[in-house]
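Listed next: structures, encoded as structure tokens.
You will see chain A twice below: alongside chain B first, and alongside chain C after that.
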Partner chain A sequence: MVVSRTALLAGTVLACVAVPAVAQELKIGVASEATSIDPHFHNVGQNNALRRHIFESLVFVDAAQKPYPGLAASWKAVDDTTWEFKLRPGVKFSNGQDFTARDVVYSVCRIPTVENSPSNFTIATKGIESMETPDPLTLVVKTKGPYPLMPLDMGVFGIISAQASGAGADLKFKKGGCEGLGTPPKSADFNDPAKAVGTGPYKLAEYTRGTRLALERNDGYWGAKPHWKTVVFRPITSAGPRVAALVSGDVDMIENPPIQDFDLIKKAGLTIVQGLSNRIIYVHLDQFTGPDWKTPGVKGTDGKNPFLDKRVRQAMSKAINRDAIVDRIMGGVAKPAGELLPVPLFGTSEDRKPEKYDPEGAKKLLAEAGYPNGFELTLGSPNDRYINDEKVAQAVAQMFTRVGIKTGVDSMTASTFFSRRNKYEFSAYLAGWGADTGEMSNSIVALIATQDAAPGFGNTNRGRYSNKTVDELTRKALTTIDDKEREKLLQEASKVGMEDYGIIPLHFEVTPWAFRKTITYTPRVDQYTLAYEVKPGQ
Partner chain B sequence: MLVYFIRRLGQAALVVAVMGAIVFVSIYMVGNPVDVLANPNADAKEMAEIAGRLGLDKPLHEQFALFVWNALHGDLGRSFVFNEPALKLIIQRMPATLELAFAALIVSVLIGIPLGMLAGLWPHSVWGRGIMTGSILGFSLPNFWIGLMLILLFAVQLRWLPSGGRGETVTVLGVPVSFLTVDGLRHLVLPAFTLALYKAALVIRLARAGTREAMLQDYVRFARAKGLSPSRIILVHVLKNIMIPITTVLGLEFGGMIAFAVVTETVFAYPGMGKLLIDSIGRLDRPIIVAYLMMVVVVFVVINFVVDLIYAALDPRVRLSEQGS
Partner chain C sequence: MTQALPHDLGPAAAEPIRAERGESLLRRRLSAYFDTPLAFVGAGLLVLLLVVAIAAPWIAPQNPYDLAQLDIMDGRLAPGEKAAAGFTYYLGTDEQGRDMLSAILYGLRISLFVGVVSTLFACTIGASIGVAAAYAGGKVESFVMRVVDLQLSFPAILIALVLLAVWGRGIDKVIIALVIVQWAYYARTVRGSALVERGREYIEAARCLALPRSRIVFRHLLPNCLPPLIVVATVQVAHAIALEATLSFLGVGVPVTEPSLGLLIKNGYDYLLSGKYWISTYPGVALVIAIVAINLVGDRLRDVLNPRLSR
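After this line comes the complex of A and B, so read on.
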């Protein structure tokens, strides 16, 4: 015993000598800076990635976006309209207070009150009709109808401390405005490390906007302690300087190295990992049937909208050589797509293969549809939003041209593109969609469900595709609590939409990270860079 | 003089007002910030709520009236993205940019004047010709390319200097400055040199021309006849005289360096005002873009206004001709 203890001690001493203090620091060059430390201010990727270090949610999702217990140790649907969450005991906030159901109620209550939010999290709390806390570690959530996505919604927003934020003793959830909320903290308050109180594996140490954001390990963390004592995020928005920072050793890891620099990075003895993302790149075609609508950019069809004919849509899908795009333009860093989410995410089917490249078949279909000589088309595309977006659009345009649809590309910066697209200025456009929740209902609701404000369907369906069967199946899925059954409905809805060519999927983006040889990172489908998942390598 | 002053003041105010209208309206035409800021999952109702929170649901003339009213009260709007006053965000970035511009100014003088004088003293020597050829490179190489090459050489290959960002800061009189720390200086070297290169080429040309002209002047001959050492003639008499045009030109260029160090700041991920502007344009953060441009307009108008006044004070013909017209 004595001997082994000495050996252990010697081992520890050796380890201390071998691993100097600097190795405990991880510096990450990020492509975009979080706009606020406040976890409820802005519902956008980089903020959501950062908040996971400091503020945790009830439900966590793993690298493949599968939910698993976080601050909630378990949950179940008690009946069709009631979810019960059992909270994890023994969890403390970084200021030493216990985490209880009250903090969850407070966080849900505070979300709609955030001032000047450019995009808030009510999207994840709108399903909640009432909340009860029968005991400090039990949370009962009631919904209006069956609401299967409640656990996923609970994974979207972070929990802040009710007490540190000044909640009243009479805090009570009420839809449309809670009671006893006190004066909720302002977003800017969270920039102060003393006020950014969460349960996460890290605490805020220092924040200088535009320069650096430092996190410090939370030694009282309830879960597995992260390896790095301090983590520094440096925003380096331009790709070239970001790669330079990595190669020169200024940072240990970077997000999104550009494909054209892969060779340089590998030659410098650094590692690149790539993981499939939940982002589909697609082409949407205007299928509006309302009165007096002219399809902008389409010529040579005598004023008819060619995309209302399924054969034309099918022909366009057949005209695209997805393998060539992936190989030659994406440098292999992408995967041809046959539906809106990649396998194995929830609601996908193994047997949905990408459309086969068949230019002859495409020409035949076009002739059958009454366009033996094709027509003219303008394809809209952003040029700085997705990986090589403009080049992909040009390749697609050439492939359309090859089967007779003379296509030009109109590409522009993302901020202009999305505004114009939302005004339906493109009859055909290329864009991408990342399914935040990592399951099929999100993609279908956004991209191919009929536009309808009441259930909030089809917000990004700017091709205005409409198919009753898809809508029906999706609506049914969204009120089916049973996971197996819901997945079946979603698979069916996806199949119907894809076989009707409501939208033309191109490929799934692959997200790359680059870092020095001594660390490892498992790519995440949601594209987040999470420092506590970065492990020291060999 | 008072009439002249009032008239010039009115003109300056008019320029600011017109520029304000142009900037505001033209930014309004570029895209809809809600489309960029909103989470893609947001539905139509939420998009409308966001527009309401950010004041984007009002018609253009109301937004503009509100902007003018607030601007007259010293409030140039709140950033959509950061939810803080736009002016505050810009001023927070100001020390970094000023530091970079001053460092670049010093570098350009330290490089430009000695080389320019050498070229002016021995214009036909190999050195003189070499320096002038070099200055052409300084003029014609694009800024971002020089920056990238410097990063490749000094950060990636030699690893002597960091590739970008701002170094450690210390607070002096409430202002965070980085030029007092070793780390801060190391971060400053490459961007300052990049920004300085064009100015240095300019200074070389001015110093060379000035030196060649001054060497033929009577006071130089007289000094020589008096038996002063050549080093004293050059370093005291010639140097002082050529500094006048150089100072004038650098003063003008300095304003431009502060306002438009955008490219250098982007290449070096340097958190100055220019970087803020570029990032804000990408995010359609209108209040910051408008506040930044307005600030630049005001700075230039004030400089011109002061210069006009000085001219008038120095030269009576200016104010007389104004009265006559």
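After this line comes the complex of A and C, so read on.
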């Protein structure tokens, strides 16, 4: 008996030792593969998520996109145009070198030199006029005018090692081209684990494009060490096979399980978590005021642009039954929207509720605007970009048709859609916008600010909506350092834009993840899948 | 083979199977066609499908292309549930609240229309080019046939996908794309039989009479190349329908608000794993029945019209 008990105990101990060793590997099925390991190559969700494992930024953001200290231990605005960042002491790169302010300068300098970047990170470095490094752990950044978003910008890009990348001793920041940059590494160089040198919790171990990407824990990491010794990302772009891989145990966790498979996943004894994202799905209406402009796809208005009349825009908003879309098309996995970002993100207001479904009111408004019999409309939409995008577009078309606006749907693959949209081929289109910075100025600047290339306003405002009050309030907010003051200005700008129906918000996407019962993950607003935030146990 | 005088050459005159006295050729062919029970099934199904497709607007409980008649609150109802408007969804609804039965009837209409119209055009164009090339011979023929070879060396689906990706959605666009990818089959088929017929005495006789070229090609040569063409065309209708369904399934093709069978299957495909089988199964069954029926008819026609297989 005693012997057997000892044996049992030994067995238990063995099991305890053996099990965690196996369980320390985490396999994740991702919906889209990063286009490069180079942290500065492509400013897009999947790359930014991967980047955070290997290369860190000065400022981190939490699951709700609130900034907190990262490689910078603290920061403050010295005056209206100067930001001072105190860097974290004792941080080492994965090749053993110390992290200093020089690496930050080098990273900012290298960003504009990246070749063939589909979308680069200069958007986050554009505000920097000059950079000084009074000592290795202090960084002083000067801006042209007041620039309150500097800490957020510093959270957007990853820091690479100046030493490992071959920077010259005379490295010096200069706007428009730095001195002593040496020959910056090519994006493909980062595919080599020896060259992908960062400060992050993980190191690149192995990379086979299209098949797998393996990370290994960085045991010299300065912060809390992640639980998983190795992490494997497997790109499985089709939703069906991704779910199948999870259910069969091939992977431990997947991104974006399709809504219609939730029942199946739950029945298989797996967990699903959902989190509100910063992505708004909206309908933009062409409000270009050019005298000769013929709104394409609009018929039965005698050549007039009906969307210039606020009553028409309001009627269209009232015609949409957002609750029905969320319930029937999105399977409850979305939230009806009343403005461009969900509460509690910065610049949102608790009292901005989604427009009430009111088809009778919509018909009345259309009649008042001079369209008692409605008109004809073509609604453009991508069919593979957002969750159920084409189905939502059809539902919206159905609802427009009910109040008299006979709507057809022209849906296509995302690349074709965006290039046609940018040529203004749709007078009404459905699309989405995820605010990277998680605060209102990003959404307003992109979607409803008057188009103006110089400050980068209205880049994605392909409805060409223009409202002076919105512009002024936003511009003022962007130069207001005080957080409370800035938030108030942004709330006001959002309110003005929404009450003018400059854009029709539909719903916020909710991002789901599915995984084994033995792990947990807190949903992130930015939709990133971060292995070091995946925790074991319930 | 005995030949009638050139000036009274009708399409039937030079047929390989000659009509016996007192019995018309058509009747003989018809009775030969209905020799097997499968031919009955094929023809019966095809007629039935044609009738329901044509009568769809009168027999369908709902017009699935009129968005005002749809209600997403009726979305994804199982077969047999009642609509808010009072009728029963015998085959359930898709996620837009479209009655599947109505959608299948209308979808069938689109699929058959696209198949038949594209085949008619492709056949006319391809056969004209093929027979003209065969009669002309020499460099013209080589050139045309190399173009045909080139076209046939690309998968039809690939060409159609590229064309539609550029043009966008629309039934007219689908038909044009299908004509472009299919004409080469007919050119090739017709050219083969035209080469054989070209050497025959009746053509020689027609030439001796100094008949205009176009008259010889289209009045004498082409009619004698028809039997294999009819067979190919019948089978190609099924092929065109399958191709259209594939294109719509892949997200190009017909507009999403006017679904064909392929698009209906695609819509339901998303829900297959979640047990909502009716959204894609029933359109799939309808598509299979349509294609099988056409192929049965096509196979039997081939047997009947092929001189080597008869007796």
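Criterion: the second predicted complex is superposed on the first by the 518 of 538 C-alpha atoms of A that agree within 3 Å, B and C clash if a C-alpha of one lies under 4 Å from a C-alpha of the other, contacts with A are read in each partner's own complex, and residues count from 1 in each chain.
Assume a residue touches a chain if its C-beta (ideal position, glycine included) is under 8 Å from a C-beta of that chain, and two chains touch if they have at least 3 such contacts.
Since the structure is predicted, the reported quantities are computational estimates derived from the model, not experimental observations.
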Partner chain(s) touched by A:G240 [first = chain B, second = chain C, both, neither]: both
First, second, both or neither for A:I325, with chain B first and chain C second: second
Partner chain(s) touched by A:C109 [first = chain B, second = chain C, both, neither]: neither
Partner chain in contact with A:L276 - chain B first, chain C second, else both or neither: neither
Partner chain(s) touched by A:F41 [first = chain B, second = chain C, both, neither]: first
Contacts of A:T416 with chain B and chain C, given as first, second, both or neither: both
Chain A: partner with more touched residues, chain B or chain C: B
Intersection of chain A interface sets (partners chain B, chain C): 240, 413, 416
Chain B partner contacts - residues on chain A that touch it in the complex: 35-36, 41-44, 115-120, 122-123, 187-188, 208-212, 234-238, 240-242, 244-245, 247-250, 268, 413-416, 418-420, 422, 433-434, 436, 442, 446, 453, 456, 459-460
Footprint of chain A on chain C - complex, ascending: 66-68, 70-73, 75-76, 95-97, 165, 168-169, 251-252, 255-257, 270-271, 273-276
Complex contacts: residues of chain B adjacent to chain A: 30-33, 35-46, 50, 53-54, 78, 80-84, 89, 92-93, 148, 151-152, 155-156, 159, 162-166, 266-269, 271, 275-276, 279, 282-284
Touching residues (chain side chain A, partner chain C) in the complex: 240, 243, 258, 260-264, 321, 324-325, 328-329, 383-384, 390-391, 393-395, 397-398, 401-402, 406-413, 416
